[in-house]
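Next come two complexes built around chain A: one with chain B, the other with chain C.
After this line comes the complex of A and B, so read on.
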């Protein structure tokens, strides 16, 4: 399957490891990602807050540049994904602001036919189009022994009309489990990393980052795996400042989900960009990544047994009722 | 014979007269062919207005009447009766709706007046072709089927049985009692729920006029008002009711503990042979085949060995009964909202998050802890309890409607915590407190005095991620306190989710089975939301209790009694009068293609097998006319809506 690929600014700089691993993994999984020619910045958070028409026009230019044969745009960055979707939905709705954006495109000799494109997150494409079965069939070195905290961040699944539950997403959990990793109960997995607050109001960002690092650490995670370059940057690059600010001692490597896939597919860690992160992942990988399958959990917990005074805990599904 | 038509234009106070020049409409009507009287009056529906018609009928010898007023749904019957009183067949009346379809929706007075004239002209042309009709009468079987043995169904069954009419009460579970039997106390009086319910349950079990079929379900329904035939499946209990004395020895001896996910709301245990609770009616237990060691592995039979009366019957099979009933009351109740659909509330993940029904069982003296309020470990008493209102209610992501009972039961919960754990702090997170019935607001004030912390804010999340040392090991309730305009994090030991009420999972299937409909939210639709909340659009099928919409016990009791009163009224008349507005088949023209059978939404048409002709069952026909349109050989005609009548009306409207 062929997709138009919108890498976003981060991939060219702070998230080059993401770019490297996407390239290698896409090749191995047969994902044909065609970078949009002459794409530009999505405007991030700031532009949409100051000038809606200009911000939408900036994003719309990217949509207009998509090769006419392609009908899906994929973004690996959660913020780019949200912005691209927002503009695509505006143009598809065809109301006043959308028409003004169309005028702006026309002034530059460009155009976008409403309804022509759908915007997808790379995680969505990998999990739902490529599919877990396909990925598992390519795995040569399962991530056995690694305890990972899947981190979606706040934008990957919000607003909640996307590919996963906005409050309790599961796609990255399932992906990592199928790669052989043990996924910890990371209840803050869709909470905010602070985004640009790390620049604007550092203390706000630090306390948000600390919550995430603390929760992942307490749950016994060896590393955090994320699907957003902003999240990775904040958690990784500001971790030492968080430690200094709060007197904590977090040493939590943060890698991209494509790097995790690549490792399981047997690709070289160096080629996947492992080592570019600031809190190094290699000690954890060397120490914990055993390659040995964990003992299977004892199946069929007897739900009928009474255990002392304990009250039964609710089952996995179906509310108990009369 | 030339018809003599009288036209009466109503002012409806100012409702019509403000937008329509009623005098000129009446003048116009007088010029129409056949009209010999044309009048206008301030209120045609009032006594003087009706007398106007009656006098003209008698003195002028009118043969047809047209009333231009409001919708026929409101006053057609009024004017039909006026005609009857003066000796005119009521079906020779026609109404022109110049209010809902004209004065209320047309701003321009000239246009509205012209439209009213057109509507009157259509009615006058139509009425000429109308035929005198006589209503049909069908006898009513005195037995009533009540489906659902919760409080609404119990009340309905008792009212009818006490009035001397036979009732068949069908309940799907082994005992009647429904949700009310699970509750500890009822708001706002704090009556013991079981104590006020069980006498009614006993009365049902012992009533000579009530045939109680518990552990049974309705499989199919056929027939029509007065004459339904209902097929009921009575599930095998593997216990012979006539031999069982209810001594419970079988339950003591059975070696298998099973989580009781129905009556116990998942919080308690029962045996594989069980009667859900001590006051169950009937007392006869049932064997849960899935969990019975004998059924699964072929040996055990402890219950049989110890049963002193030899009541265990392994070979029992489901039984099917066909029962004739005249009317049906559906009282199938509700299902609790599953809070797992709101994953951020942690139910199923955080063990000390409870549903409201779990908390009811926790508080109940007959529950798993004997009424002690403790955490999931079965021992620790919580020091801080949060009660979260509107879980799954008043939320467009789940159910937009208000579940009616949650505010009050949440207040009751807070009271029970104060009563049993006087040292504990209670936090009620609410959006609005809805306490609008007798004694409810006073109960709210009582809780304010008892020291409950009321925090106005919808809970965003229940978290186990501590941010401060005080939060360690707690559940943290995160909410925006909209009274002080701040985000709050309240650490507690226990959270109770006040889950909303949803339609039963099989409500839509039930509706189909009984020929009624469900609304957007899935609850059964009443005939009229204000004026007929008990009846449905299917004659002879009534609804009562929470299957109609979320409601508390007193409303369910009132609806159960109201449904019974409606049914008793029908039975005492002995027969029902059915509108003669229905389809009839001209057998000579019918080619037996059966297209009409497939389009009829009321299953009112059958194919007469001996001669391959369609036949309309008068009692089932609602006069919708779908078959008339579908019939290719034009063999079906429609009394009161004949082609001639409709064409004449259209010509009148278009003035052609």
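After this line comes the complex of A and C, so read on.
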């Protein structure tokens, strides 16, 4: 299956580790990602705060540039994914605003035939098209020993009607479990990293990041695995500013889900872009990643869910916990 | 949020202002496809309760919606609430009345700039710098954007961010020169036409 691939601007630089690992993993898993020729920026959130029609027209150019033989667009960036998807839905609905976007496209010598494309997130394609069975069959070094917090961020699963539950998504959890990792109960897994909030208020941005880092740390995670370049950038590059601001001491590496797959597939960590994080992942990988099936209960590590502390419920008296 | 004050003072209005204020709810609702769902808002407050930056907003989203219905145009458009929206869509998926809340926040940002009532500086400035980069190259260029934006607006913050920036540069996570698309003229023509159409409607 061949997909039209929309990498998004961040994959060129800030998320180059994502780009590296996607290329290697896609090759190994037989995912044919054909980059949309001459694609442009999706506009992030800036255009929607300025001119709705221009915002959709900017995105629509990318849809119009998709090769005629392809019917699915895939993006690894959650913000690009949401923007592409919303413009596609607008154009397919064929109402006034959509028709005006078509009009704008024509000024650039382009057009889009409504209904010809569906837009998908790379995580969706990997989990649901490639499938966990296929991925597991290729695993040579399971992620045994690693405790990971799966972080979807907001736009991977919202505004909804996508491939996973908008509040309690599970696809990344299942993927990481099938790679052999121990997935911690990360209750803020679909909460927001703040996006561009650091521009408007660094204070608010830092407190959003702190909540996430705190939650993952409390659950005993060794690292956070994400499916969004913005989430990775914020959690990774601002982590020491968060520490300085709140007097905390988080050292939580944040990697992309394609890097996690690549590691389990036995690909070289360096080729997968491990080492490009600001908070290095290699110490954790060296220390915790055993490559051996875990013992049922490891001694010496904090278990957050304590036994025997369940709240009493009517009719449950005397029932032993667990 | 100011919990002491649970009402909004309405200044005396001229006849013209009064006319504008009665038109205001329709103006907001028509700025977003499906925006008329706002009529169904019964101020349950799930939006504000779901909002990660709610505590920093001067009005909660549901109070802002009540203010829109009441036609308090200037107060609404001066509010910082839309600018503190991180566009995470929690409120949108939770709203029992299916109000496209996040999209309405974007619309309020647009209207506040259009009406010259926007009191936020950093958000609109950053957006303008971002759009200028996109319209020059067709792609975003982090290093150019960050240095230009922070150098001209927030030099101190640039200094604080410099060590991380340098580390990212060394690790190959910041490009030194922008990537440009081939058909930048076509892109500009599309945007020009789109803006002309928005202006006309």
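Here is the rule we use: the second predicted complex is superposed on the first by the 294 of 322 C-alpha atoms of A that agree within 3 Å, B and C clash if a C-alpha of one lies under 4 Å from a C-alpha of the other, contacts with A are read in each partner's own complex, and residues count from 1 in each chain.
To be clear about the criterion, a residue touches a chain if its C-beta (ideal position, glycine included) is under 8 Å from a C-beta of that chain, and two chains touch if they have at least 3 such contacts.
Everything quoted here is computed from the prediction, not taken from an experiment.
Contact with chain B, but none with chain C, is seen for A:187 once the two complexes are overlaid on the shared chain. When the two complexes are superposed, the chain touching more residues of chain A, out of chain B and chain C, is C.
By the touch criterion stated above, A:167 is placed in contact with chain B and with chain C alike.
By the touch criterion defined above, A:48 reaches chain C but does not reach chain B. Residue contacts after overlaying the shared chain place A:215 against chain B, while chain C stays out of touching range. Legend: residue contacts after superposition of the two complexes on their common chain; A:13 is shown touching chain C, with no touch to chain B. On chain A, the surface patch touched by chain B in one complex and by chain C in the other comprises residues 167, 211.
Residues of chain A that touch chain B in their complex: 165, 167-168, 185, 187-188, 211, 214-215, 218, 303-306, 308-322.
By the touch rule above, chain B contacts chain A in their complex via residues 173, 178-179, 181-182, 256-259, 261-269, 291, 335-340, 342-344, 346-349, 351, 355, 357-358, 362, 368-369, 374, 376-379, 463-465, 467, 499.
Contacts from chain C toward chain A in the complex involve residues 31-33, 52-53, 56, 83-84, 86-90, 92-94, 102, 106-107, 109-110, 113, 120, 122-124, 126-127, 130-131, 134, 138-143, 157, 160, 164, 167-168, 171-175, 179, 181-183, 186-187, 189-195, 197-198, 201. Within the complex formed with chain C, the residues of chain A that make contact are 9-10, 12-17, 38-41, 43-54, 56-58, 60-61, 90, 95, 97, 100-101, 103-110, 154-155, 158-160, 166-167, 191-192, 194-197, 199-204, 208, 211, 237-238, 240-241, 275-276, 278.
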